[in-house]
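First chain written, first letter: the chains are A, B, C and D, and each begins at residue 1.
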Amino acid sequence: MIIVMNARATQADVNHVVDRVKELGLKAHLSQGVERTIIGVIGDERLLKKEQFSLLPLVEDVIPILKPYKLASREFRRENTVVDVAGVKFGDGRLAVIAGPCSVESEEQLLTTARAVKDAGAGLLRGGAYKPRTSPYAFQGLGEEGLKLLAVARQETGMGIVTEVMESSDVDLVARYADLLQVGARNMHNTKLLRALSGVGKPVLLKRNFAATLNEFLMSAEYLLSGGNANVILCERGIRTFVEYTRNTLDLNVVPAVKQLSHLPIIVDPSHGTGRHDFVLPMSRAAVAAGADGLMIEVHPHPAEAFSDGEQSLTPDAFANLMREVREVERALHVTAGA
Amino acid sequence: MIIVMNARATQADVNHVVDRVKELGLKAHLSQGVERTIIGVIGDERLLKKEQFSLLPLVEDVIPILKPYKLASREFRRENTVVDVAGVKFGDGRLAVIAGPCSVESEEQLLTTARAVKDAGAGLLRGGAYKPRTSPYAFQGLGEEGLKLLAVARQETGMGIVTEVMESSDVDLVARYADLLQVGARNMHNTKLLRALSGVGKPVLLKRNFAATLNEFLMSAEYLLSGGNANVILCERGIRTFVEYTRNTLDLNVVPAVKQLSHLPIIVDPSHGTGRHDFVLPMSRAAVAAGADGLMIEVHPHPAEAFSDGEQSLTPDAFANLMREVREVERALHVTAGA
Amino acid sequence: MIIVMNARATQADVNHVVDRVKELGLKAHLSQGVERTIIGVIGDERLLKKEQFSLLPLVEDVIPILKPYKLASREFRRENTVVDVAGVKFGDGRLAVIAGPCSVESEEQLLTTARAVKDAGAGLLRGGAYKPRTSPYAFQGLGEEGLKLLAVARQETGMGIVTEVMESSDVDLVARYADLLQVGARNMHNTKLLRALSGVGKPVLLKRNFAATLNEFLMSAEYLLSGGNANVILCERGIRTFVEYTRNTLDLNVVPAVKQLSHLPIIVDPSHGTGRHDFVLPMSRAAVAAGADGLMIEVHPHPAEAFSDGEQSLTPDAFANLMREVREVERALHVTAGA
Amino acid sequence: MIIVMNARATQADVNHVVDRVKELGLKAHLSQGVERTIIGVIGDERLLKKEQFSLLPLVEDVIPILKPYKLASREFRRENTVVDVAGVKFGDGRLAVIAGPCSVESEEQLLTTARAVKDAGAGLLRGGAYKPRTSPYAFQGLGEEGLKLLAVARQETGMGIVTEVMESSDVDLVARYADLLQVGARNMHNTKLLRALSGVGKPVLLKRNFAATLNEFLMSAEYLLSGGNANVILCERGIRTFVEYTRNTLDLNVVPAVKQLSHLPIIVDPSHGTGRHDFVLPMSRAAVAAGADGLMIEVHPHPAEAFSDGEQSLTPDAFANLMREVREVERALHVTAGA
């Protein structure tokens, strides 16, 4: 941590800060510049609070040097984490694909979709049983009945199941049915839910909140990792900006950013990320080209009749075409990687 | 709802859409423009899903006409809702002030603060017992022990208590201690929590998520209202933008926007909204001048030692000065209102 | 244009609006909904101002139906515009690449870079002679001397030249040297410059302002097109968001958005778009996979010594590697397109 | 400037950076932390480029300590700058008000408005003769004819004139007519215009670009100050965010931020800042309460017929009411300031 003194600070002001640093059991290291004195604080800054120094007289700024996360950092673990979900691997250099409807609506809808996405090459089946909806008047999901239908679909197709859990009290129930538990974007900051999931013994898919910085995103992962769950997959699904032609702004820049700073795998959800079925194909190709470890795609047999998110759902045929195209892009990357 | 057909749409395409409108039990009303045909859909559009039309061939756009919320709208209820919290009124034209520490830390810290803010003229005492923190390594609140200390402070000072509830399963417990239950910004979209609070029989303080549009903010209020809780107070506490000199961008424009579209009272939290103790005073004055029904201010006897949010906390003296200044601004508004 | 009346509007209020519509020589078309009356205005809405209606009594909203641009729209021209710059084509389905230093610094720096990027397969050479810099103390470009060096580089390498013009009064001078005149992001709204460029007889590269909506971006193109210059290439170079890990947020979603709404070619500048040399490669691959018609890449023989933007410049070797990788991605797209 | 070495940096890597620092004629100061070595660079960092260090091996981050602006800083000049425009003072603790139409349309429109705003207490008259419009099909201003009408209005009313200049080549012409030359938000980054205005001998009103950080805003002021023009007034007029209920998000937080970091006066334009005539009154009161030195308000005798920006214009009556209300708020501030 670096403490920057104001230009008007006297030697007494500097001494006062240094004394405070020492009181807290840390070492201070002074550097007298032309216009400012700066004080390096030596010790574990993750245990400090900025305001312990920023509110002292004539302190102009307090600058953290270390990232706030530790276990999620590439520095802590240099090699990529590979997460295995029902035999599908995330982070091993090959593209993993999750597909399925936004909401589980009926056995027929789910099974039709499940078979179609499996045939097209998807590895895992997604489907929401508990739905966080903006409107109290909208469909809120089938609840446990939906989970049971997902279990049927797993039995029928052999595909592992990805579904959202919305509260800590639901974790045990959902974990009985799911192979990968999804934390939705609206819940990325739900620390009680994260704590409950850190002990659940199943992998977690952590979606980025649409207003989360990368530090915040990785700090939510840190909740899971520090609680004992090492199997975390990150997911970009769009951020909120002033842009009007997409529901959210899918931010593919986060893919190389995560690859640099963390060892965790990251996948991309272009369905929520754009909110537009006609953008899902080009942005899926782009996500793969940017280096994403996987994709999550919404598919529905009749998008216009979907209970939720129809505007961003692909038909099974469109999904099959998408799979062909992203596989070509994946191949191109392997060629250039000499793989 | 207005359906805009593409310029290349034929009569058959238009008829196809009209047929679909009728199938859904609604009426269609055609308007043939110079470059486009538009179709007005007559019926309750809140029951429709955009994609039921947007995915039909040659439909270019589907434009909702009505706001998605109903009970929260000024149209539904023209006069201002006044919410009474332990005798303090929000929305009656006079300024209501909530003050206290970010976190409850100890009996001494809480009582010292409570007495000071009461003396300065605050109406309600705030204090967090359950804290949603970005870092798993940060102080997470005293839990029920904190609630008990709040009860002591109420008994000592006679002030009503405002405290956050983080999960639906905690609602009953927190409601036993609190006079006003706070939904934090990170939980504005937590629909299970909102549903639980809609039946709790106590007023709710709903903080705006830092990425929430006004429609989304009022839809969260709609969850509470439609579940039977009419006592909802809205709170602006800053949005996320590119701006770097405040932790969030306190958006005072939302105050006249809410006044126009809703009957619910709205207060402003400049402590979280700016994240800077030195901005709390000018932005509090500005909030009152913009027409806010109240303020929520963080106060701590020793901000540099606060367990959380010290950088945005006022000392008791600074708070007393703030109260004097905002009362003058309030008086100025009453003069011009002829009150 | 659709005029939505307030729920409290009387027949007289509606008539008042209809009379105003007729006074302006347009036709009104009424649609009586359950909760609202809406009035369709039939005529060329691009000639109307919203406030001619929005300020009338009991008008709640005025919703434009048509896009504000015309000549730039896909509707006006269905086939893709192909822009030829010194023999390099933009928009014909093959990837066009512009590369070179941010600023022209010296003959040696420029020629070294020019030869390297040509060898690696770039089609055009970029280099700034006039530089819009945030700081008055930073290097502002060599001016006409820089243009002359660009002319030397063209003669030496045969590559066409891309360079920025900053003011209408410089257009003639810069046009004498450049094959493609660049409007920088900060000048996208400079209407005097756009008007001057609409008559210059050379193609224009129009960079998106970092806060521009798509409507605004295409309206700037409309200035060029309506003034008589049909050779416009659009360029995405990042938008301003809350995100901290890139200098700007490169928004690849704009690529499919432009392809849908406009016939103009669009290229991507990942150097400015991310501000980070280590993100240029993955985001270039992603841009190509998203369907961009070209790339613009900053290359410098010694990035750490660059007069400007060294942090986002590639070395010639890194650029050569980038060209190999993006060509593979381009090939993958052609495979799936059956080309 | 602080250079943070990566955790894997060896002594040789550190030495390499230190050597580079010395080569550039600066001093290096090492601080060995628990997890990182950091190097303080002592010397004038405004003359350095970050990439001279950030691209060296094993450098993790380069953190500037000083603000990039100097002459605009509060540190350079502690007392407030007071700018006198035709006898109206900005920055002396009393509220200065500029009012008038968005565009100069005709002598009658201008004189009617000028007399009305003068009667209501405005100090200066605004009116645009050169208009930067998003659409090439919209009214672009009367040009020099508009300037002449402004001169007539000055003669008739005695009020000083505020008008926009759009290009460096227009500076001399506009300066002959204007008392205060306005740089519009779209031109805040137009460095040629800023340079021309730095030598014009008249005060400048510098509007914040809607995507400008505070550093960028003050760097544009620095162009003016470093070129010799000390009479600079800053103006907040809204930033671009995701928010939908205002055309821009008026960011009043910038007022205390500027007051802290700079000695320059800052005024607020709630007309452009909100884009809504019905928000101008509450946000004007709020701006004054936040500490703004002045207001700029659009007034038009018939807003619905305005050639531009009618939706955000006040009628003369509404403006007179606004003046009464903001004077009351100003008085409240003086009471609390003991003035």
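By our rule, a contact is a pair of C-beta atoms (placed from the backbone, for glycine too) under 8 Å apart; a residue touches a chain by one contact, two chains touch by 3 or more.
Note that the structure is predicted; figures quoted are calculated from it, not measured.
S.K.: Select, from B-C and B-D, the pair of chains that is joined by more C-beta pairs in contact.
M.R.: Result of the comparison of B-C and B-D: B-D.
S.K.: Just grab the chain with the largest centre-to-centre distance to chain B, centres being mean Cα coordinates.
M.R.: Between chain B and every other chain, the largest centroid distance is to C.
S.K.: Compute the distance, rounded to whole Å, between the mean C-alpha positions of chain B and chain D.
M.R.: 31
S.K.: What is the distance, in whole Å, between the centres of chain A and chain B, each centre taken as the mean of its C-alpha atoms?
M.R.: The mean C-alpha positions of chain A and chain B differ by 26 Å.
S.K.: Could you tell me the distance, in whole angstrom, between the mean C-alpha positions of chain B and chain C?
M.R.: One centre to the other, that is 38 Å.
S.K.: Give me the residues of chain C that touch two or more other chains.
M.R.: 211, 215, 240-242, in rising order.
S.K.: Can you list the chain D residues touching chain C in their complex?
M.R.: Checking each residue of chain D against chain C gives 46-47, 49-52, 54-56, 68, 132-137, 140, 166-169, 186-187, 189-192, 194-195, 209-211, 215-216, 219, 222-223, 226-227, 240, 277, 303-306, 310-311.
S.K.: Considering only the defined contacts, which chain B positions touch chain C in the complex?
M.R.: For chain B paired with chain C, touching residues are 2, 4, 7, 29, 31-36, 38, 40, 42-44, 61, 63, 65-66, 75, 240-242.
S.K.: Within their complex, state which residues of chain C touch chain A.
M.R.: Touching chain A: residues 211, 213-215, 239, 241-246, 249-257, 260, 274, 278-279, 282-283, 285-291, 324-325, 328-329, 331-333, 335-336 of chain C.
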